[in-house]
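Should a chain be cited, it is by its letter among A, B, C, D and E, assigned in written order, with residues numbered from 1 in that chain.
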Amino acid sequence: MVTVFVHRDGKTEQVKSIDRAWLNPAAGAILWVDLAKPSIPESLILSDSFHFHPLSVEDAMSSLQYPKIEAYDGYLYIVLHGIEINAPAHCFSTHDIDFFLGPNYLVTVHDGDSRSVTELRDHAPRNIKICSEGPVALFYRIVDSMIDHYRPEVEKLEDQLDQLEEAIFDNPKPALAREILDKKREVASLRRIILPQRDVIGRLARRDFVDITTEMSFRFRDVYDHLVRIADDALIFQDRITGMLDAHLSNTSNRLNEVMKVLTIVSTIFMPLTLLSGAFGMNVPLPRFPGSDAAQFWWLTAISVAVIVVMLAFFRRKRWL
Amino acid sequence: MVTVFVHRDGKTEQVKSIDRAWLNPAAGAILWVDLAKPSIPESLILSDSFHFHPLSVEDAMSSLQYPKIEAYDGYLYIVLHGIEINAPAHCFSTHDIDFFLGPNYLVTVHDGDSRSVTELRDHAPRNIKICSEGPVALFYRIVDSMIDHYRPEVEKLEDQLDQLEEAIFDNPKPALAREILDKKREVASLRRIILPQRDVIGRLARRDFVDITTEMSFRFRDVYDHLVRIADDALIFQDRITGMLDAHLSNTSNRLNEVMKVLTIVSTIFMPLTLLSGAFGMNVPLPRFPGSDAAQFWWLTAISVAVIVVMLAFFRRKRWL
Amino acid sequence: MVTVFVHRDGKTEQVKSIDRAWLNPAAGAILWVDLAKPSIPESLILSDSFHFHPLSVEDAMSSLQYPKIEAYDGYLYIVLHGIEINAPAHCFSTHDIDFFLGPNYLVTVHDGDSRSVTELRDHAPRNIKICSEGPVALFYRIVDSMIDHYRPEVEKLEDQLDQLEEAIFDNPKPALAREILDKKREVASLRRIILPQRDVIGRLARRDFVDITTEMSFRFRDVYDHLVRIADDALIFQDRITGMLDAHLSNTSNRLNEVMKVLTIVSTIFMPLTLLSGAFGMNVPLPRFPGSDAAQFWWLTAISVAVIVVMLAFFRRKRWL
Amino acid sequence: MVTVFVHRDGKTEQVKSIDRAWLNPAAGAILWVDLAKPSIPESLILSDSFHFHPLSVEDAMSSLQYPKIEAYDGYLYIVLHGIEINAPAHCFSTHDIDFFLGPNYLVTVHDGDSRSVTELRDHAPRNIKICSEGPVALFYRIVDSMIDHYRPEVEKLEDQLDQLEEAIFDNPKPALAREILDKKREVASLRRIILPQRDVIGRLARRDFVDITTEMSFRFRDVYDHLVRIADDALIFQDRITGMLDAHLSNTSNRLNEVMKVLTIVSTIFMPLTLLSGAFGMNVPLPRFPGSDAAQFWWLTAISVAVIVVMLAFFRRKRWL
Amino acid sequence: MVTVFVHRDGKTEQVKSIDRAWLNPAAGAILWVDLAKPSIPESLILSDSFHFHPLSVEDAMSSLQYPKIEAYDGYLYIVLHGIEINAPAHCFSTHDIDFFLGPNYLVTVHDGDSRSVTELRDHAPRNIKICSEGPVALFYRIVDSMIDHYRPEVEKLEDQLDQLEEAIFDNPKPALAREILDKKREVASLRRIILPQRDVIGRLARRDFVDITTEMSFRFRDVYDHLVRIADDALIFQDRITGMLDAHLSNTSNRLNEVMKVLTIVSTIFMPLTLLSGAFGMNVPLPRFPGSDAAQFWWLTAISVAVIVVMLAFFRRKRWL
């Protein structure tokens, strides 16, 4: 779906098609063209009306671009990632949005699910400020809203890590290894998206490209700041996950220790007693304990109890009990 | 709570409100405005009187800023972290303090618990030097005091690590894994606060911003030095914690070895003896040892003792005993 | 085999030998010389006709060059790696292709199996555009096709990693350790080829060498982008393999835990019962349970069942069952 | 203790106090002032005579400075670390020496135990060259001697690592874990001292500060070289210690394997035999082996021997024996 | 042994001593002075005839220099490492060669065993090209030959790693841990020698020093390329060794698992059977199985076989068999 807004003479209107004259910056018109899940014919506007470089058009139409910023003759081509709202609740996922930022126009290309773009598009006809401030400010509005959507996702991820950590210490199970490694991959993919995104915005904030005003660079610096924070959080998450893996491994070893202690204590107590009972079952006359026939049994019981007591004392001194 | 000090004509007075004229550096007035846990109306002073950029005002009012320094038109916006004195005794915690440093004014924004600021604020009316040396010197005084409060916290952390290390070697328990990982996170959060803080002060010491005198750059270099030292300590702590995890893992393995040795020694001694007693309990006539019926038992005892002696010698040669 | 194409006066012809005059850029001829598995006499063309530096000729004739770009007087010498199609299906392998890129000629040297070069060579006589756009565009066409062949290999590798990961969690076997380490080496060799290749193309995209037009730099930037993506994938693969090793180690420990639990449970249940049976086999009169002779056996059975129940309850509370 | 040397008119004399006139470089006097464990009144010379910046004086009087170089107005303030000779024999320890290097003077501040300084101080009255070459040469002499004292300490550390390594492979004990970790910390502290020291000298060798002659920069480059070598050794030591930890862990696992093999072999041999003896002790008539009553026993013995032989063959095939 | 070659008027002659006039570049003479294991008097030539800086002479006479390049007034002092041919066959070892490279002379200092230097020295009187091309070309010839000797050593190391890897997977033994760690140290020492060597040659190739012609820089770039390859190989070797350590650890764990499975299976089968036999040996009348006295035994056998079958099925389902 193609939506075209043109801001001229203090008014923003939605129009059907683009007038060539508007593309001339001297004409004083500001254009916003949004392509939501464009069909092939719809996408022709990129090459036919705007004469964008074929390589940038190809990138915009493909769906697996990492965040980047590229200067072409007369415009900047920018790819950023927004949070995927349709993703399953337990995992972190993004989709790319492409921007063509020219002197007096902004073209946005996305798969139709971008909240940041659609909200702004719905408000554009009524809110005159959206388009009147120029394409860089419009681009900033979209980016700012996109990055704001990251925060709740990062917090969700943090909650999941908290729960996982709790589980590792309170209810250790072998299956946690897989969950830890799944989270590790999720955090790695968060970092992989955030770091280039941060660099893109950082270059805008540092005004590597001449067409950014001081005011805009302040705003991009603010967005940059948010991205630095998220990248930092991702690094902390990685550290925590490494710690969880260590804790999980340590748990496994400790559980093995516990199992072996039980086995050793039981064996060490019962083996001497079993020998004793075996010895008194031999067809060989054994020396008698003093006392009657019945007393023999109590002697044996006393010896057994003594063996048990000695063993338990030994284990206690070793701090196994 | 808003506190305003103005230094004019060699005197420092606390005043109720800000006179617009003072903001002109040419007027020769030096201003210190402190906002402790400002209410929304109180915070309006930032935008209405000082006309600070909305983004910096927003950052100052939010509470989760990492240390940073940002140049705006006519002033520097700086975030630093002070030690949280109300934190629970066993953990390390900080709160952020925001500074607006202009040519002839300093505005401080904090949550009301900053010792460094409140102490200075209490002395300002009496000690004329505090405000008369200009806003940079005033800023330096606060920062120097904030960083001085770090040292005891770092030493407390070091003591806790010493104790933990002692415990690992002298009284190993599975539960130590969690304590080690908790300390690891605490040290990581110390580094995360210290490193950007160090960079902020380092930029001031290197005079990246023109309004720092040589004398002030010497002083900031001194503070920078302290921060480098603390960052260095944090790195050492990390190394030590890695060592502790290794030691803890090695302990766990050694304890397992010990448990298994006990089991193996006991089993290896008792199994042959149990077989012997079982053999002599069979309903099958066994060859007799030379001697009387009673001697049979002593023969068996002798064989058992021989088995035990051989086993113990074997274990000693293997250095298990 | 030596193939020579010359583009003059709007026509591309395949010729037998090189006319010295064509080498002068002013002559307006564009040359493409392809050496597929050249014999020693064939390779003399490099030094005799083109007067390439002996060191670059030597490198071109040797077969173990890593990707690199080197400026010599009047030409660039470039080594890139293409995917080896004859390699065994389960492993990743490449072969090097050498390029001599001059002002009006391109010389390609390879071992005869390069799909990218041979396809283009077969089309050159018919497709006039291939040679007419100049040697840099020709070089770009070959490189673009080479890099396109990487994508399916990377996806194959990803599939193999997916399968391996599945196997680790669903069907853990000691032999997986070797498979994981084999994949680790394969991924390392992918990175080792991709990283210098990326740097070579990156230098062309950044126009470190003056003879690249803006349009060509856009195209090389596009190839560079693909290589960055592959390098990024390789890094992710490495991360995943590290995770697999961790999971494999954790699996091994968990299996050991399981084995030991079985042993401990069995021993802990049977040892007391064996002692009981041994005790009642002694030649020593034991106190009788109340009831008849036959009831004695049922008393013993009851005690045994009680022991088993107590043990199972104990193990359940320890969460071993 | 304060010692003052002044070199004037080709003579070096030890004097009681400093003449203000000497401090003027134009006067042609060269001064060396050494403060060994200075008392508070003695330290006043730094601020009163030399007017050093209060921050550098404060640093010089404190005892926990890391190596650094700082330019102040008219002089360099340098902190370096010398080997502590009073340290316990088994560990590596340093103390800091502070230098104030001016155009015609050198002030050294230390805790009185610096061999490098005291030796030179004792020779200064007799050896005219010591002071006559100027303060930079004098500083170089002290530094060169300090760094020379590092070599034997590094070699001692290397010997200790050799012994530890030998012990790990020849006489593995759990207690080695602690020794390895102690050495790890010692090596880490060596690196922490050497790296900033190397950077300080490197800056002098690169002539970052204008008052170093070419000849002096050659000499500092030589000292720098020694420090690079020591830093390199420290890195090797770290690698070796990591290897030792791995070896220690591997040893622990191997010992566990050995223990478990003994247990398994013993159990696997005796359990069937014990069952056999138990079976023939049952109150249930068993089928008789052919032959006489006495032959029964030999049949059982033969079966037992067969069981043992089969088991041993099985273990040998598994390479457990 | 000192050997002096002088190239004048198109002829190379070996002479006994150096004529001062030759040292003047304007005289048109090219000098090569080789000091093989020089005695103290022989080494005086360095300071007396060439007036080299004492620090560089001292370095040249000492034997533990790492590769480096240093510019002195009028000459470059270079240290490189050649392969030690007298080293024991199973380990990698080098010796240092020192070069003084002046405008018209080259001085080489080595311990007498350098193949690269001695071969060239033996050919110098006959092969006029060796000296006539000037000292830089002569230096290049030696360096090229030195680096060529590295290749076979690196391949030998690779073969040893292949064998070690094979052994780890096919014939795992605890003693392999030591071999792996020994190889790790060897590879680390290879890297430690190669990296600075690569940097030295890289600086020559980049013409950091003005007296290198374009042609020479091409040649040094070629040598640099070889060194980059070797450094790269060393890095791969390190990766492989890390993988071997992981595999070795995994092997140890797997063997332990195997041992414990055998123990558990044997115990789990024999313990119930031993209890059964014990129960039927009790002095307590047990309920009879239906059938004759002789049938009792076959009932017991049947029960035992059933127990074994059930156990084996259980272990098979757990994939332990």
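Basically, contacts are C-beta pairs under 8 Å (C-beta built on N, C-alpha and C of every residue); 3 or more make two chains touch, one makes a residue touch a chain.
Computed from a prediction, not measured in an experiment: that's the story for all the values here.
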Those chains that touch subunit C and also touch subunit A are none
For the two copies subunit A and subunit D, what is the rotation angle that overlays their Cα atoms, in steps of 5 degrees? 145
Just give me the whole-number Å value for how far the CA centre of subunit A lies from that of subunit B. 25
On a C-alpha centroid basis, what's the spacing between subunit B and subunit C, in Å? 41
Please list all residues of subunit A that touch 2 or more other chains. 249, 253, 256, 260, 263, 267, 271, 274, 278, 281-282, 286
Building nodes from the protein chains and edges from chain pairs that touch, which of line, ring, star, complete or other describes the result? ring
When the cyclic arrangement of chains is written out from subunit B toward subunit D, what order is obtained? B, D, E, C, A
Spell out the residues on subunit A that touch subunit B in their complex, using ranges where they run on. 169, 214, 218-219, 221-222, 225, 228-229, 232, 236, 239-240, 243, 246-247, 249-251, 253-254, 256-257, 260-261, 263-264, 267-268, 271-272, 274-275, 278-279, 281-287, 318, 320
Considering the complex alone, what residue numbers of subunit A touch subunit C? 53, 55, 59, 66, 68, 70, 72-73, 174, 177-178, 181, 184-185, 188, 192, 245, 248-249, 252-253, 255-256, 258-260, 262-263, 266-267, 270-271, 273-274, 277-278, 280-282, 286, 293-294, 296-297, 300
